Amino acid sequence: MIEGLVETVQGRLYVPYRNWLGKTASLFFRELRDRGRLMATRCRKCEKVYMPPRSICPECFMEMDQWVELPATGTLLTYTVVHYSYSDYHQPRKAPYALGIVRLDGADTGLCHLLGEVDFGKLRVGMRVEAVLKEERKGNILDIAYFRPLREGSESTNSSDSLSPEPRAGDSRRG
Amino acid sequence: MRVGIVAVAQTAFGVHRGLRPQELTYLAVKRCLEICGLPFRDGYEDIVTCSSDHWDGKTLSDVEHGEVAGAHLGPGEVKVSMDGANAVLLGAIKILSGHAECVLVTACCKETQVLDPSVIENFGFDAPYQQLVGLDFTQAAALQAVAYMSRYGLSHKDFAQVAVMERRRAKENPRLLAREDLSLEQVMESRMLAYPITVLESRAPCDGACAMVLACEERAKELTDRPVWIKGFGSCYDHHNLGDRDLSQPFALKEASRQAYEMAGIKDPAREIQIFELSEHYSYQLPLWMEGIGVCREGRGLEVLGGWEQSVLDPLAFNPSGGLLGGVPRYVAGANRVIEAFLQLRGEANGVQVPGGPQVALAHGTHGPAGQHHCVLILERGF
Amino acid sequence: MMDEAELLAQERILEVRFHWSAGPYLGRFLGMLKEEGRLWVVRCPGCKRILMPPRIVCGICYSETPPFPKGWFPLSGRGRLLDWERVMYPQMDPETGTIRPEPYIHGTFALDEGVLFTHYLGPEDLDESTLREGLRVEAVVKPKEERVGKPTDIRYFKLVEEGDD
Amino acid sequence: MARRTAIVGVGQTYHKARRPDVNIGELCAEAAKACLEDADLTIREVDAFVLGNMELFEGRYCQDMWQADFVGAFGKPGIRVTTGGTTGATLACVAFEYVASGVYDTVMALGFEKQSEGDTRAGLKTVSDPLWIRWLTTGAIGYFSRQARYYMRETGAPEHMGSLVRMRLAEHAKRNPHAHLRLEIKNIQEAMKAPYLIPPLRQTDMCPTSEGACAIVVTCEERVPKMARRPVWVKDWVTVHKEAMYIRGGKHSVEDLTMAASRLFRRNGITKPREQISVAEIYAPSTWAELEWLEAYGFCEKGQAWRLEEEGHFYWNREFPVNPSGGVVCTNPIGATGLIRVAECALQLRGDAGEHQIWREPTLGFATAWGGSGWTVAVLLSAQKE
């Protein structure tokens, strides 16, 4: 260090924000929180079903007011395994953890979310997955705990039944 | 009317612990104006700066960058808060509009002063659905890389080879910091960030600034006898929700380059363009962007790059500079692509000059998660 | 409109740590303040104004500033009160997200060397009714062991008697 | 200029203190839709987008990425420009340049702010250099209280002038359905009951923090005949910046405003601004600034503005209407504020301003934005092509 010279100064930005989610997302999260349902919006013009739901169809620039309930099952469009931790506050899990984009059955778009109960080495694009909901839900996207691989033979389960709660510690149902 | 690039300058890219962001911009501006002999402030009617409040840690980051570029009671100033290629694009538009004859374009980012880059990027995802999942741009890129791999049966090793190739070129480029080769093993075994992206396959954060002077045709010819013309440009937004996109298809890049080709009158880019300076922030992006600009078939970018696919294009046409992986700051990135393309067309790309006197070049910049926004410029040698 | 109780918001804190470079100009100003407790400045070689704080280039005449110590000199730290205001509203500190205690008096000073400076006007129990433009002021610098190389190494500016300095 | 450009559509949201029913994207969508409706265009007919706001005010990083899907920018060219307080007007200028360049025919500029989502004062404090006096700055309130004191001292304006300006703006805002603050102020005694922020600046003298968005559509001469609305022609625009203000103190400086206006007027043959210009929508964050800045722009002599104000000269139905929309003091979604000035000016020139339509047949309109370290953007609009 040179005397009489300050080379660097440590500082930070620390500002809290409160972003409103809007009517559409609020309705989606309330349905998810209170009834455990996954609701999507549908464009009357192009008939695309948007999950996560939005109020405006980005392609047609039309307002969407049709709601469609979707099953908890879907297909993995892509995935990654995150190996670094940058913030306990911003990252929902400790690394390593898997992330993916899931297209729920009946939707035209994918939802980006965590993948759980899965061997990282067995992740494949196209694999069938289902949503696992948290028991205590707060009204945000992490009310879905994660998506996990659908076990063979469980495909026939009807939509709302497959919304099984998150397994508790010691829960042996899933082996 | 044509828009000419008459002079360019860059600071060294690296860790500049001893300099403030505006001091970096000043050094680039000073050098650039010296090159073309324009006076400060009075030599140009408009300034386009490019920086970010988040990365400078300061609302109105252009207060400082504008000041050292000569904005005090002089030319107008506007700040582009996205990749630097867009600043060049806006500079060209200002001249085409007739509102300015000469425009100074600057870009600066001091990435190494930010200790939490991923936190900033996390705020780049929409509040309701994507932010809480903890995404940052590396994770979004990794999702794109896997989608690309799985669609065309590519492997991580393929992408690692891109990093090796780029490093081989980067070490010849005196404007970049990298001086040593990387082996495939080194790349593959470097720290995995998010599968399949390792730390050596992602752009190294660094500090730096660049500046360039754009001028209308008449002024450009006065200021230099070797102008480079901006013949065309285009830009395009893709969807924000990652799941709305087919990540293996750079739709927005296809659209941006289509606009640029149309404006430049280019019908067959692979035959008409000799240099492609693309913004690959991660190794997998180089082949993917090559497909996006329409010079090779979908899924064949790696083959063309490796020289295995029959193509009119030499693999050396793509990022002869060594690309961004060798360390070019964000925001500066796209403008740096323009500068490297400019140097190639002028025959001044010391160390990495492509032989044969290239006539036309493409420069590309991208912004947002997994290439949500793309900007493409076509440059032509004007002498 | 939906009942507001049914509308959701998401709270997030943007906390980004920075390692700001102070550069050879401001860094020198801060470093000398820490070292000597004095305000070292430099005159613009072009328009001759004092650059406060020192910076790489004069924003008005575009002359490049010589690096320390050529042309640099310390200010006396004395001057006259130009303007002040009692800040009476709560303000969030963007470095901590906390609300700073109010009120305090914020002063602008014309230093004797012909340059403006701005700082707290103290001490805390200063009687605002005694203030008027043109009063003599002087910087109160923290003792060396408390100085860290920030402008707050000056505790505040205090009023001094005319001719006291 | 390469091509003539005209504003052929404007749209804005109803500005409020909070909009919990919409997220940022949805707020912008409202303005984009209103604008397209006004122009009777579909989104397909818009060739490019110019987007902007204050970067740190909602905390969002590269906000345009999220916004794009909500304003119809998906699959279209676009750029994000952010210049602080002047952002809105800069958006308009960049849109003019996009069209004038001949590259894009029809361009939408859209600015917004959703100030309840962050802390505006903390956001504004970060304008200051983190290593210099960020810990000390008093933000806009300190600045404009000094400005008010300075104006009073220099011109002899009495202390009630701020409230008198506010009464005019309140009257204007009442007539503008989009305005945010719609105070009923019966008389000057009532106006002067408002509490001080820093004397002589009262709460009612300062701009609020609003949520809202504004959009305009700009098109080229060739396309104008096909448009539904009467075009408002863009005559000229100018940007003037000042050096970074390391220390805000001493005399208030308005040289940026003066230089911007004089450049604009000189280039366009305006020698008697108050006679030749029919309406001014100026970006003045406080009532006192409005008075001083009218003088700085050259609309009246120094010290004359408050006297004209006392005579009621600046009301919407009088000789020289200033801020018939209610101005920034009534409505301030920062990233949109400058654009609202341009949009309101265009509405006046078109004769579509409704209850706050100015009385005479307007010819020229003057819109400004102010921000940064003392920056001005000024735009000159014309009802006639020539």
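All chains are identified by letter, namely A, B, C and D, in their written order; residue positions are counted from 1 within each chain.
Going forward, contacts are C-beta pairs under 8 Å (C-beta built on N, C-alpha and C of every residue); 3 or more make two chains touch, one makes a residue touch a chain.
Remember, predicted model here, so these are calculated numbers, not experimental data.
Engineer: What are the mutual neighbours of subunit B and subunit C in this structure?
Structural biologist: Neighbours common to subunit B and subunit C are A, D.
Engineer: Greatest Cα-centroid separation from subunit C: which chain?
Structural biologist: A
Engineer: Just list the two chains that share the greatest number of C-beta contact pairs.
Structural biologist: By contact count, the leading interface is B-D.
Engineer: Taking each chain's centre as the mean of its CA atoms, how far is subunit A from subunit D in angstrom?
Structural biologist: Centres of subunit A and subunit D (C-alpha means) sit 40 Å apart.
Engineer: Just curious, how far off is subunit D from subunit B if you go by their C-alpha centres, in Å?
Structural biologist: It comes to 34 Å between the two C-alpha centres.
Engineer: If you average the CA atoms of subunit A and of subunit C, how many Å lie between those two points?
Structural biologist: Distance between chain centres, rounded to whole Å: 47 Å.
Engineer: Which residues does subunit D have that touch at least 2 chains other than itself?
Structural biologist: 20-21, 23-25, 56, 59-60, 68-69, 74-75, 119, 122-123, 126, 130-131, 243-244
Engineer: Going by the contact rule already set, what residues in subunit C reach two or more other chains?
Structural biologist: 2, 7, 9-10, 12, 14-22, 24, 26-27, 30, 55, 59-60, 92, 94-95, 97, 150 - these are the residues of subunit C that touch more than one other chain.
Engineer: Return the residues of subunit A touching two or more other chains; collapse runs of consecutive numbers into ranges.
Structural biologist: Those would be 7-9, 11, 13, 15-23, 25, 29, 54, 58, 140.
Engineer: Which label fits the chain touch graph of this model best, line, ring, star, complete or other?
Structural biologist: Shape of the chain contacts: complete, all pairs touching.
Engineer: So in the complex, which bits of subunit B are touching subunit C?
Structural biologist: Listed in rising order, the residues of subunit B that touch subunit C are 16-20, 22-23, 26, 30, 40-41, 54, 57, 67-68, 70, 72, 110, 112-116, 119-120, 123, 127-128, 131-132.
Engineer: Touching subunit D in the complex: which residues of subunit A?
Structural biologist: The contact residues of subunit A facing subunit D are 9, 11, 13, 15-25, 54-56, 58-59, 61.
Engineer: Please output the residues of subunit C touching subunit B within their complex, sorted ascending.
Structural biologist: Those in contact with subunit B are residues 10, 12, 14-27, 55-57, 59-60, 62, 64.
Engineer: Quick check on the complex: what are the subunit D residues that touch subunit B?
Structural biologist: Touching subunit B: residues 1-2, 23-25, 49, 52, 54-57, 59-62, 64-66, 68-69, 73-84, 90, 93-94, 96-103, 123-124, 126-127, 129-130, 237-244, 255-256, 259, 371-373, 375 of subunit D.
Engineer: Can you name the residues of subunit B that touch subunit A in the complex?
Structural biologist: 17-18, 57, 113, 116-119, 122, 127-130, 132-136, 139, 142-147, 150-151, 191-197, 239, 241-244, 247
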